[in-house]
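Below you'll find a set of structures to go through.
Two complexes follow with subunit A in common, the first pairing it with subunit B and the second with subunit C.
Let's look at the complex of A and B:
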């Protein structure tokens, strides 16, 4: 995390305002700009099928960033991120269908609805800690799945189509679907990252970290623990809600299966694999988990071709959860700080080269 | 009327009286020390003032505020800051970030302007950063500004703890054993800081300390607790001459049975410091 980085050479800051900057020096700013340009040009060279994975990585990146706010930065375990995505998706799509809202209002409405529910679900966090809180969020996930499944208004969990989107004259069509959404999701992700980075350098972000590190001391600093925890839950579920609406529009409909407990656990796994309390980690995690899925598909295809198993056994269905579980276990054992810590080490190595770090 | 008035405070934990009927008064701009053997209830009393415990009976008034039922963050808002006995710093954060956290109640902007950051939030953050720098200068922490607190030595962490409490800009500062585990030089520094805090910032100080030499030197007023009861109070000279205080610290006197293993244990461990009472 940049907050705890020592200042390095090339730092010529003379005012406190300059010291608030997101980047330690101009070099970092240039790298970020280059990265954004590279991301904007990436679809030119990536195959269209892979672009679909990029879209999913970014959508789950938003959800993982939200979970990182609640779990990584504030230390409140939330297993119901899937349900918060679902609240956003259903609210956004149903409202968009009913009131003919365009995508951006649907995103805002979905996010705010999820934040509202997040505030309510966060209430037990004022009393419960650690695993007990995790179970409370798990209960919300079950209530959500059951509630949607029994609600006529929400088609009892069946598909509710999302309206077609057209922005600045560009239309979502069959051939350009993945490309269209790539350029739509990328700026939304970048914007949400910037918003969180801004919150993080002010009093609100600091107070969340304080609650995580030492809630007694945080209270002695005049921070109201209840306000901070609810803010964290609401922010985290706002991000989940936005991700949920995007996922619904991207897959052209809302189905309850997309927002079940397994999704919440997958997002939690992404957050842990990426690195708790790290912004780049929130994108590394989804990239790793979704990438792993694709690799396992290839492996399964190859294994299937070897005719080792009786026909009718789908190797992929066995390999995917197996590799997923193994990856999480290995990360928890050997790299509890996630991919983000490798990223930090790599950056330090490059910065200090040719000196040893 | 003093700044902090504690009247008849009783604190009970399931039948055990941690404090029974303690009354004490802290006038503005004074350094008031609370001393007593281990387990006397000093920290419990501080916890009652700062809102971590709520007294079973009695009242604690700070100015016009009643603190008996107030939560810790509310008490802090009234202008009472506290440095903890066992370091309660945010270990992963830097010194500057720890101190900025103490500006929380002074930094006023909404979450929305925080999300935009540029403009209002940026300006207010910079102003408060400037205040933090003043405290860093005052507490001589310049060399550690950007170091994660967890990496600093114990003595420096203690100083950061006091600095953080001071950054809250309190009217009343509660210090719980700020000199425990320090060498003589570090203790001298800390005493100098405490005296400067009173002189330059006009802050009232309530000090819990085991080093009776320090206590008798710098306090305007000393209160002595033993087994949750206030047994003496007054100027350092009055207190060190009080026979009940000498008895509590040495076990020598009329009240206790000398063969009682508990009290003789206490006596031997406190012998050294008790020597300073009479010295």
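Let's look at the complex of A and C:
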């Protein structure tokens, strides 16, 4: 039986070519194609408001994948992903307005601007590690927020409208907004996932993982840690920049509040909950955090309607932020590998069935 | 007996058909019940929801039942957009009640596209400025006008006064700075310093010493009550309260400031358009207390100016719906047209504000009248002026 037709657990690879394949085997490829088809058909049965959440999950999925590249795969902690999203958003929208760029050029410009800034912010990573690096990226977040707030070019953090988008004659409008962006963001997410998976199987991707596991050992093997770390920061920031541009266009304007420290922490939480160093985890995390918020909103409304608490004691609405913090804490304590590890276990169980995993 | 039965059956049938014929209009508010600024938002939302429910129960819009919703957006713009989409797109709401500055600025293109009249809890002048300000309405005077009016107060006292502005580090805080500078220049005042202070200002010694060294006599705040309270407490500690007069726009003052600053709030001067809860003879305040009691709100909530503020926004919405319904169908455009009738003899006086709510096609600022209020030794704010409109504001910020 050809290796590509075997399941993942019995996937005996006999050549380097097989080992470097983007997909583990043909079965995985078929599953991915089926998943994409299901995602393409999903809007047919999805309520409009839920589709908005799907759009946000995908946008934050791109940002979380970027953070995963820097933190999950390379081990460089980054608290400034919100600011990198902001750099992309402001650069993309301002350039699009000034030079009449279409969305795809704005995405590219926003991504590259964020990558450039990411490269600069990444410089301390050559000397700093762990908490110290976290503080350095935190400082960048503060500088970004302050800088935008004091820049008249950037409306001092007020709204800068994004240009209206029209693709192949289809125009973004209030009634079709979520659907329009769903079919726009989905291929971008799929493309960026494919790009990262492609990078990951090659020399550069593996060097990042080597750096994460032991940078001195990696250096002894001929990997340049400085190049690898800066590449990681730039690539992670590029993804954040693209996500930022998408968020700005999806929201119809860029406002500083969408790119603050809380957003950076949220993306970090999404990455941890999803699973550090996992591509599916980069989407599971945003889905979980956004889904949890929606569930808790319903629970809060239900509890609020029961009038269980004395007037003025609004326990119900406090459930949303409380559940967010609790979820992160519980994941860190009991499931540090995130939802992606559950996904792996499920896959293994299905693959090995009827044998015990 | 048979006739009696027939009459009863007919009565029941007609009641049922009337109930069935009664149409429902959604009045939805989205704001911060939790998260940043939720200290004000929770009461604002309660006021908006309670007035709407009261109006629905009292049949203020004949033939219509109001579906009153107040949702927490946690001060997150994406949540506000989602709520707007749900209210307007899914529930067919003919108008929208908003709250936060960033979300409103971000929503403006969508509001313009959907032609949805929107009444905001943020009084940022940029909300109604072009572009995309056509369907946005401010219930009361803008932050900019409030700050300019405080400068006018200072100019009457001392034309050579040295002034500092302390603003929140956000679009909400920075909004009035340009207009304040222009107004100060016209009044001959000197704005010596503009400082940004956020919610994390636990020690303001350096800030206040800087003001003292610069000979600042007046500090005008555009912020929320929390940061202002911290500044006042530090000023009290540094014995600066008598030397520097502290003042502020709508969201700086009221019972929130008194509660947080205690005795340091004494003599703080506040500019707002609302009546206060302890002005018990005002018909609007009697109504506020009645509605608050009807819906089981705590004394603190009923006393909050933000509760009154939420009610004002809701009252404007209900009145606009009533006027639209009286003319025919209730749609976004008919409600918009109804809002534009709030002038002349048809100006709307909800009783919550010191002047009636007046809207025209070019003027989207509702109750523009302001009063100066000053905190006494017990922390209660007492009016030190009659209602007035800023003479200068339109000169430094013409309608755009």
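Criterion: the second predicted complex is superposed on the first by the 330 of 357 C-alpha atoms of A that agree within 3 Å, B and C clash if a C-alpha of one lies under 4 Å from a C-alpha of the other, contacts with A are read in each partner's own complex, and residues count from 1 in each chain.
Simple rule for what comes next: a residue touches a chain if its C-beta (ideal position, glycine included) is under 8 Å from a C-beta of that chain, and two chains touch if they have at least 3 such contacts.
As the structure is a prediction and not an experimental result, all values here were calculated from the model.
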Applying the touch criterion given at the start, work out whether A:257 contacts subunit B, subunit C, both or neither, answering first, second, both or neither. second
Touching A:161, do we find subunit B (first), subunit C (second), both, or neither? second
Partner chain(s) touched by A:19 [first = subunit B, second = subunit C, both, neither]: first
For A:203, is the partner it touches subunit B (first), subunit C (second), both, or none of the two (neither)? first
In the overlay, answer first, second, both or neither for which of subunit B and subunit C A:320 touches. second
Looking at the overlay, what does A:225 touch: subunit B (first), subunit C (second), both, or neither? first
Overlap of subunit B and subunit C contacts on subunit A, residues none
Which bits of subunit C are touching subunit A when the two form their complex? 33-35, 42, 72, 74-75, 77-78, 81-82, 85-86, 88-90, 102, 105-106, 108-110, 113-114, 126, 131-132, 169-171, 174, 196, 296-298, 300-301
Give the list of subunit A residues in touch with subunit C in this complex. 48-49, 52-53, 56, 146, 149, 155-159, 161, 173-175, 177-178, 251-253, 255-258, 297, 300, 311-312, 314, 317-318, 320-321
Can you name the residues of subunit B that touch subunit A in the complex? 50-52, 71-73, 76-77, 81-82, 84, 88-94, 97, 100-105, 107, 109, 111, 114-117, 121-122, 125-126, 129-130, 146-148, 164, 168
Seen from subunit A, its contact residues with subunit B in the complex are 3-4, 6-7, 15-17, 19-20, 195, 198-199, 201-207, 209-210, 213-214, 216-225, 231
